[in-house]
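Presented sequentially are two complexes of chain A, the first with chain B as partner and the second with chain C.
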Partner chain A sequence: MTVLLGYLHEILQGLTTTLSLFLISLVIGFVAATIVAAFQIRFPGVLAGAVWSLMFCIRGVPLLLILYVVYYGFPLLPFIRETALWTVFASPYWCAIICLAFVEMAFTSEIIRGAYYQTPKEQVEAARSLGLSSFQTFRVAILPAMLRNGFPPYTTEVILLCKSTALAFTITVMDIMGYANEIRARTLDIYQPLLIAGAIYICTVVVTRLILSSLFNMIAVGGAETADQK
Partner chain B sequence: MTEGSPAPAIEISSMSKWFGPFQVLDDIDLKVMPGERIVVCGPSGSGKSTMIRCINGLEPFQKGRIAVHGQELIQKARTLDAVRKNVGMVFQQFNLFPHLTVLDNCTLAQRWVHKVPRAAAEKIAMAQLEKVRIPEQSRKYPSQLSGGQQQRVAIARSLCLRPKVMLFDEPTSSLDPEMVREVLDTMADLARDGMTIICVTHEMGFARGIADRIVFMDQGKVVEEAPPAEFFDKPREARTRKFLDQVVR
Partner chain C sequence: MLDYLTSGWGLQFLRAIGTSLTVAALSFVFCILIGILCTLLSRNDFRGSASLVNLYTYVFRSLPDILLLILIFYSLDGAIQSLLNRLPGSSDIRLNAYVPAIMSTSIVLGAYATELFKAGWADIPKGQFEAGQALGFTRVQSLVLVILPQVYRKIIPHLGSLSLISMKETALLSVIGIPDIVRTASIGARSTGSPFVFYGIAIAIFVIFAILCSRVFAYLESRARAGAQ
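For the complex of A and B:
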């Protein structure tokens, strides 16, 4: 038992790293996704098509591969090695964040786009027929519908991201997975450290879900989901 | 405009519209005077909904002209806004904003478009909700109301902007049968108050009781236009008779 508590204590050292990988890449990924999706919606055409194809490719490639390209490949490029970019890409931690955010952007932008195009056109027509401007129409008709439609898939995406942070340990980042793996290699205890790490990930996911669903209920008042509330 | 006669509320002249190669409206002419109540009927696909959607610019048209209280409809944001200030629209699917309460649905455009302060907007909204007989529901969300109630809120929401013309696009078509009455009664109240109304509907009883004129459309054309008595009892066109045989017994 004391051994297990010792493992737990050691593995928890990686919690801040895991959480910061998760949250920082989540925020960067979301902001980038919003810009990418807004561009595709606002300026449909060849360029938007090119952006979509790029996002499609990013979604189609394993995260691990992107991580390796950035971590092992970028140092070979002179314009990264010899410029200020090197301060970022020399750090495995920031390499991991950039890769996670990059992939998160590709998935989230598609969720945002999907939510936008699911907006019932009747809602938009109602707003226009009341004389609302296009920005006002966006605020009252499109954005709430996007939140209603986009939140469930986005929750799934956020949870996947939370677990994807574990891949960072493959490029020497000491997160929860990193510590657990270190104990496994050192002690040859296999189940104990990995199961403890698994339990920590589950707790993180549960908390994330709770936060997201309360956020959703806060925003989407009066929708079908909360029909019984006053 | 002829000498001495008042200006029409809505004037549609030789208006045509195409969806791609398919012509949905063919040379429509229609003049509606202020306070007149027009019912538009016809088989589905005849272009009646499309026509009234053109009147407040929800659909563009390619030929002809439409003027609402002298304001010509051009596909430019500013003129569209000017026209929409005079024209209220009620849809088949109510189209209330589900995340806003009944009251907020009614005050939103007043506050955002007409810059009415919140308190004054709520007063106007309550007066209109009173008129459609559901003031007690003002704090509820649309999903908590029946279809008939939602449609009456949608009517109140439009009325809050003091439109000169009300367009109804099959307002009772998606309602349970026992809720049709309450919506039709609300519309009849409006008609009695002198509102200019154009209503697309299959409710022939309503048409007979309320309308000043009935416009019958088929295949994008106005086939016949007559006062209800004449329209129902001695229709001129064979196509109208065939339609009436189907819907009136």
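For the complex of A and C:
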């Protein structure tokens, strides 16, 4: 029992790393995804098609491979090694954040695009015929529908991102999984450290789900209300 | 790049592609079987089985895949090996690492497949089993001939992404030591000192697979839609 508590204490050291990996890449990924999706929606054409293909390719490649390329490959590039970028790419922690945000961008931009195109055309036309400007139309007719349609898949994506942060241990980031793996290699106990790490991950995911579902209730209902009031 | 491919790495990559594709295909098939089985269990009249299935999907979808893979791989490996050693006169059998590897990816992916099948199965009335029986079908026949085609039509777009996920999932096996595409690429990158060539080849393989997958499933989807009309 004392051994297990010792393990728990050691693994919990990685909790802040896991949470910060998760939250920082979530925010960066979301902002990047919004820009990418907005570009694709606003300027349809060859360039948007190219962006879509790039996102499709990123979604097809395992995160592990992207982590390896950035962590082991990028230091060999002269323009990274010899400029200020090196301070970022020399740290496995920031490499992991960049990779997670990059992959998150590819998935989230598709969710945003899907939510946008799910909005009924009639709703937009009705808003325009009421004399609303295009920004007002977006705020009143499109955004609430996008939030309602896009939030459930986005919740799934956020949970997936939370789970993906565990891969950061493959490039020597000491997060929850990193500490658990270190104990596993040191003591040859397989089950205890991994099960403890698993329990911590489940708690994190449960809390994330609770936060997201209460956020969804707030946003979806609030969006419907403002749409009705206008 | 051609120098590397002709100097033996090409053969290594071909072997790795074979490994990855085999493991991915087998885990895809097994996870679908797990999905069908768990959905049947959760639609059973016995309530306990439904909550067991819910527990399985909830826990497995909340844990990182890599953690689950390591945990299941080592437990299965140990369990099967000690079982084999119990058998009389077979103490020198060494288990192939692919068996626990495929089993662990199938169990992890099975949780996703179960959710998928449960969603596709949701609005198919239970009475269809009885209707099948009235027509003289056995339970298996009415499952395969009546119910699964309807479920298939509903979940076919998601099956495409599931196949892509199972391909990406096999990449995680490289952490355990299975010589798949990612492992071959990183060994090559480390031993030759040119990571971009090797990782580039690996990325190209995955991208080609993703494109093929989306083409195949778009075709299957259009055929399923045509069949429904």
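By our rule, the second predicted complex is superposed on the first by the 221 of 230 C-alpha atoms of A that agree within 3 Å, B and C clash if a C-alpha of one lies under 4 Å from a C-alpha of the other, contacts with A are read in each partner's own complex, and residues count from 1 in each chain.
Definition applied: a contact is a pair of C-beta atoms (placed from the backbone, for glycine too) under 8 Å apart; a residue touches a chain by one contact, two chains touch by 3 or more.
These numbers come from a predicted model, not from an experiment.
In the superposed pair of complexes, A:94 makes contact with neither chain B nor chain C.
Of the two partner chains placed around the shared chain by superposition, chain B is the only one that A:131 touches, whereas chain C remains out of contact. Residue by residue along chain A, chain B and chain C are tallied for touches, and C comes out ahead. Judged by the touch definition given at the top, the superposed model places A:141 against chain B, while chain C stays out of reach. Legend: residue contacts after superposition of the two complexes on their common chain; A:170 is shown touching chain C, with no touch to chain B. Of the two partner chains placed around the shared chain by superposition, chain B is the only one that A:123 touches, whereas chain C remains out of contact. In the complex of the two chains, the chain A residues touching chain C come out as 56-57, 59-65, 68-69, 72-73, 76, 159, 163-167, 169-170, 177, 180-181, 184, 190-191, 194-195, 197-198, 201-202, 205-206.
Here chain A touches chain B in the complex through residues 122-123, 125-134, 136, 140-141, 144, 148, 220-224, 227, 230, going by the rule given at the top. By the touch rule above, chain B contacts chain A in their complex via residues 56-58, 77, 81, 84-85, 87-89, 91, 93, 95-101, 108-109, 112-113, 139, 141-144, 157-158, 161. Those residues of chain C that touch chain A in the complex are listed here as 59, 61-68, 70-71, 74-75, 164, 168, 171-172, 174-175, 182, 185-186, 189-190, 195-196, 199, 202-203, 206-207, 209-211, 213-214.
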